[in-house]
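Below is one structure, written out as structure tokens, with a few remarks after it.
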Amino acid sequence: MTTNNGHVSSPLAVRGATLKFGGVTALDDVSISVADDELLAIIGPNGAGKTSLLNVTAGFYRPQKGRVELSGQDVTGLRVDQIARRGLARTFQGTHLFAGQTVVENIMIGRHMLMKSNVVQAFFQFGPVMREESEHREAAEEIIDFLEIEAIRNRPVGTLGYGLRKRVDLGRALAQEPSILLMDEPMAGMNSEEKEDLARFILDVREARKIPVVLVEHDMGVVMDLADRIVVLDFGRVIAEGTPEEIQKDPAVIKAYLG
Amino acid sequence: MLELNNVEVTYSDVILALKGVSMTVRAGQCVALLGGNGAGKSTTLKAISGTLKSEDGTVSAGSIVLDGTPIQNMEASEVVKNGLIHVMEGRRVLRHLTSEQNLIVGGHMVPNSAELKKRLDHVYTLMPRLADLRNRTSGFMSGGEQQLLLIGRAMMASPKIIAIDEPSLGLAPMMIRDVYEVLKQLKSEGTTFFLVEQNSAAALSIADYAYVMENGRIVMDGPADKLADNEDIKEFYLGVTASGERKSYRDIKHYRRRKRWLG
Amino acid sequence: EETYNLALLSDFSGPYADIMPILAGGREAVFTWWNETRGKELGVTLNYKNYETRYDAAQVASLWPGIKSELDPIAVVGLGGPDVAALSERLPEDKIPMFMATAAYGFAWQPDAWIFNPRPTYSHESVGFLNWMREQRGGDEPLKVAILASEASPAYVDMAKGLELYAEEHPEEIDLVEVIYTEVQPTDLTGQMRRVVRAGAEALVIQTNTSIVVAAKRGLQANGANIPIMMSSHNGLPASGGALGGLEQMEGDFEAYGMAIAADEDTPARQFYETLVADYGLEAPWNVVTAMGVSQGLYTVTVIDHAIEANGAEGLTGEMVREALFAKPITTEETHGFLPTLSFTPEAPFPLEGLKVNVGTVKDGKITIAATGVDVPQVEKW
Amino acid sequence: MDPSGVFPTSYRSDRRLIRTRWQFLALVVFMALLLLAPYLVSSRIIAILNMMMISAVIAVGLQICTGYAGQINLGQAAFMGVGAYTASILASKTGLTFLLTIPLAGLSAALFGFLFGLTAARIKGFYLALTTIAAQFLFHFAVLNLPSTWLGGSNGITVPPAELFGLRFVSESSQFYLNFAVSAIMVAGAFGIVRSRFGRAFVAVRDDDVAAGIMGINVAATKANAFLIGAFYAGVGGALWAYLIRFVGVDQFTLFHSIFFVAMIIVGGMGSIVGALIGVFIIRIIQEIIATVGPNIADSVSFLGGDIVFAGMNVVLGGVIALFMILEPKGLMHRWNILKSSYRIWPFPY
Amino acid sequence: MVYFINDIITGALIGLLYSLVAMGFVVIYRASKVFNFAQGELVIIGGFIVWFTTMQAGLSLWLSIPLSLVLAGLVGYAIERIFLTKLIGESVFSMVMVTVGLLILLRGLVLLVFGPAVRPFPIIFPLKPLFLGDMLIPMNLLIGGIITIVAAVGLSWFFNRTRSGLRMTAVAEDHVVASSMGISVKGSIAVAWVLGAILSTIGAMIFLSGKSLTFLASDIGFAALPVALFAGLESIGGLILAGIIIGIAQSLTTNYLDPLIGGSLGSVVPYIIMLAILLIRPTGLFGWRTIERV
């Protein structure tokens, strides 16, 4: 992708982000950039700042220093929903699903920002609203099909096990038709069969949507197999960056993380 | 020590989540419970610890006996007084309290402050990371840090039996090793464990006996080492092929999926 | 033998629940008395039924159609503001008059009313009292007055507003030195009372409620002052004295309203009360609330009496009852001295001419009549 | 609702509120009965129905704001008051037809609600509940202290009856049709709103406003919208109220009235339009029963004395609310939903 | 000037009375996360208990005051047992809503049991004010202020420094987690209501001493609420500052602004101040900040 002033811009770039909470430095001058259609993994010990990095990217935290760019546009300081509307979707560490709502409803909420009807139309339930509902419902069902969660379609999410919730979480993010997807520990709480499934889903998403994915994950098997490139954080700093092979051999990474 | 006989659990009076589960945990043992998503593992733990009520669930049949006392549908705080602590999933720390206050609350039944201090030190030596974080507001800690705190908090009560839900969830590889070291240590000190895990390899490495649950029923059980050799377990839970190699996630076959997306 | 129905609106569970049983007892005893005396002569029985309004306009509005279809009353015996609010537009349509017990409110001061008060507005009553007090004091100076009101209810605001306007237009009579707004159960009025004392107030008008009287009294006592307080019927001397722990605490304070004072003296009103107690099952004590209920009952039955006289015992309608009210004054004899002679006109819901108030006070720990038939000057509508 | 084994075949049918012919029939019969009610029952009952329909509009609005969007609102009576005053002033001073005053009343209440909704962007939970109480007190203060030529001050405002083509809505039954028409539109609209993207956004903000933001939902705007819509309903209800009582005064819109609206949605169940309707029905019925039966009890059991019976009103109402919370904390609709899902899976318990 | 200072002092003391009533409220919140809408009703119930033991039973103050506090505690306990225990395990929201029901119910019960009459309230604190030169300070408010400060310091120490306090805090954080750690949620909530009822009764004594008692006295509950929110729902110590600020503001408004505008701005001023502070600090001056973590 090229911007008008000519230089190549990546779908997502964080430049020199520093984030402090009181005395705690969660991020210390972190820069990453994601290439088109790339699967970038971010790894690092607990408390290294991985989630914080995603939060800064998504606009949930505002870095004290540094900038966040989406396709070359500076989005630092925008509200989360504004950033989401620019095509950034994420899944959560732990779940932040709407527990009382069913799976379909959760996914439909993901489509909220793509829908256009206004309150008056909704009140009178005429014309375009109904059509729009059906269209988006169809898209939601497609995602449900894809993630193979048809059976639990009408179950309230609060009654699902941890693993299924993560799948719904992914579905909801996909429903936003993002141009970049951030995933925070999607595999946590799954057995290896389920991890295989989810890995397949992630690969399929990339293939079908051609969007870059940023993945934070502790399961080294998953990370090494799926990632095109890995960034390693420790104490809020990037300590290594490279292909899976390089990272696996990096002594600093072994010392800080792999053990 | 802990015995479940034909336990059935119903949520909201309609959803039958456990359909006659029986298992036994002997004193000093570590028993692992494996199973896929939604199999009913967490439900089993909640049934034991009495925390079902908050989700509108009840033990609708069968009995749960802890050291001779029937504890099905008992008040959660009473179950704890009988010596069982449940470490819940979902990283439920007391968010506005500091990490150390969380630990102190965990040890609230400790009679005197000298003993409390001793236990705190014990936790800090086993998990030095928590010592660094002692004055952090727990709600702001990272996911993994919270997970550690939960384990530490359970230790503070020094229960006879710890029922723990996915201790390795969200922990970095090194940290998993450390935590399992801690569990082993506690086990050697005589604590009984009832362990629900997705990280089956880790779980089987410390467990004496294991149950596999699917769809609210126990489908397989046996000594941990026996199960670890089972073909199906290897394939689905340990992620190794029959030949003993780890498969690559990239090689998962498309044909296993029923349908391609946006084809 | 004819039977007519009266609908009685009551508040046993709202803000006036404390006085309701007594007030209800008073008016019901009058109906019993009338049925057994005049009613027998005329061949008419008055039936009545209580309806609980909770002092809530919604409840009144919702009850009204039922009252109409169930009772088809020839008159409504009302209680307070919510009844007026809910029914002021309905009664003219349904052609049923309503008779109230209390003083009137400014907001109901409209011509061609179907709702009537035997007493003028609270502001009329306080103005009448204050003028009397100024004459008692003598001299040409205006009387320095403070008002203690509350915004908790618009009715309370209304009471203050009328007096304020009068004072503005008659500076030579009343000098309003302070208008203080407080809560219905004030925390402490020491500071406010100090301002009143410093302003040299000679009278303190409190027509709101008993709790405010008590708090004001304590505030005055703390300041070592004793400014006479003027109260109205619903928060008068016995009620306020009782809430202070004894009438003697109210020594020198006043109550003033256009109705008989329930004093210890032997008055015609007192005698009639004794008759009701002795022969007609009245259980209420001799106090202002009973007096209010009895006077309400009395002028209601008198109007009906007049209506029967004019139209015969058969086929009486609400409209006839209202006409009877304008046709002929209700004399003070007919109400056994409970009310002055009342001459209603279609101009206002209360008599505009010949208004009088009575003043009661506490002397040596006893309620005594300080003045009767005090003239009320003309008060402009506010 | 479909029995076990019947599944929807299109997304539209899955969304449908009325699923079977029987349901449709039941609805038609219900509406027809309501329409004919003035010819079938006494005017007392019609008066009760009038009260219920007006309360229903207001409670449904509160349900959207509190039940769906999770913004606890103890100022609904104030919002209602704004609507009632707007309609009264427009009707009495400009003689505007009710066809315009009612929506305008809704809009002015919506504006007032929106202002408080803006605070909801920052203030949450119980803190917010208390700021809505502030709305209640400020409304009271404003009416009494603004020049009385504006809002009538302590005098209140007399309202001319609603009129259409020379027909005056003064009798119980003519008002019934006015209330019926407006409340039917408002309730149907509420169903539309809660099932649209707005309803989903409300629920999202209620359940987890952090996640909602990350889903691209503007959280602050959504909360303000919830207040706006809730207040709009209150305003419309207030206008109906003004036309019903034909006199508005500030003491008709107190904190206690707000509390009763909250009680209605509690009893019916949070987060359900039908629940709000049920709640209105139950609370109003209890009020009416006590008001009707009370005097008879007082008459026949004289030793109880009138005051005991009537003080019992609050005890019974409060008791019913407390009892509902204890026995059915999620409201009646929840019990109904459980019944429904058992029916859906019957005869297979799993 | 003297009068101005006097108004400030009286205002501050009235503010402290609000703090005390608010304290009952905060204590219940701190130990159970239940926001008790029926706080004003607890005050009148306390008031009626005091009235009953003194005026009705005729006990001396030395006997009746402790007895009233015990009875109030019992009433608090009973309310908790009847209405809240059954809801443990349900959402906190349900519990809060039950207090809305309680608000209506208790009002009715008070009417039913004590009737609606305005009753004299015993003179518990000397009626004679304290004279400081030209200033006079109501005795009940002065003593009440001292009691309030002592209670605030004590309770604040209890909740922040002792292990029992920490235990209750844990309950307020998360009922399920607390009970899964062996903390009796029931016990904590019971203690909270007992304390809340006792504090309300003390509040009633100061508020009503030498005045009169009706069910209208419950309005103080809504007058005190802004103080609690201003301070932040978790902060007991903060109530003192909040009460003083709101009390002074209210006193100055009623004494100097109201006469100018001819209205009752004083009664809404606490709410206006509260709104302003919440817009700046959404959880009050000292309340816990909401933790949002993804």
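So that you can tell them apart, the chains are marked A, B, C, D and E in the order they are listed, and the count of residues begins at 1 in each.
By our rule, contacts are C-beta pairs under 8 Å (C-beta built on N, C-alpha and C of every residue); 3 or more make two chains touch, one makes a residue touch a chain.
Just so we're clear, the structure is a prediction, and the values are computed from it rather than from any experiment.
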item	value
Chain of greatest Cα-centre distance to chain A	C
C-E or A-B, whichever has more C-beta pairs in contact	A-B
Chain D-chain E separation of Cα centroids, rounded to whole Å	32
For chain C paired with chain D, centre-to-centre distance based on mean C-alpha positions, whole Å	37
Whole-Å gap separating chain A and chain E, where each centre is the average of the chain's CA atoms	47
Separation of chain B from chain E, taking each centre as the mean of its C-alpha atoms, in whole Å	43
Multi-chain contact sites of chain B, meaning residues that touch two or more partners	15, 140
Junction residues of chain A - those touching two or more other chains	51, 60, 92-94, 96
Touching two or more other chains - residue numbers and ranges from chain D	141, 144-145, 210-211, 214, 307, 311-314
Contact set on chain C toward chain E in their complex	13, 15, 17-18, 20, 150-151, 164, 178-185, 187-188, 190-192, 194-195, 209-211, 214-215, 218, 221-223, 239, 242-245
Chain B - residues contacting chain E, complex	49-51, 53-54, 75-77, 80-81, 85-86, 88, 92-97, 101, 104-106, 108-109, 137, 139-140, 153, 157
Chain C contact footprint on chain D (complex, rising order)	42-44, 46-48, 50-51, 140-141, 144-145, 153-156, 158-159, 161, 170, 172, 241, 244-247, 249-252, 287-288, 290-292, 294-295, 298-299, 305-307, 309-314
Contact footprint of chain A on chain E as seen in their complex	294
Interfacial residue positions of chain A with respect to chain B in the complex	21, 24, 43-48, 51, 93-94, 142, 145-146, 148, 158-164, 185, 188-196, 199-200, 203-204, 208-209, 218, 220-222, 225-226, 257-259
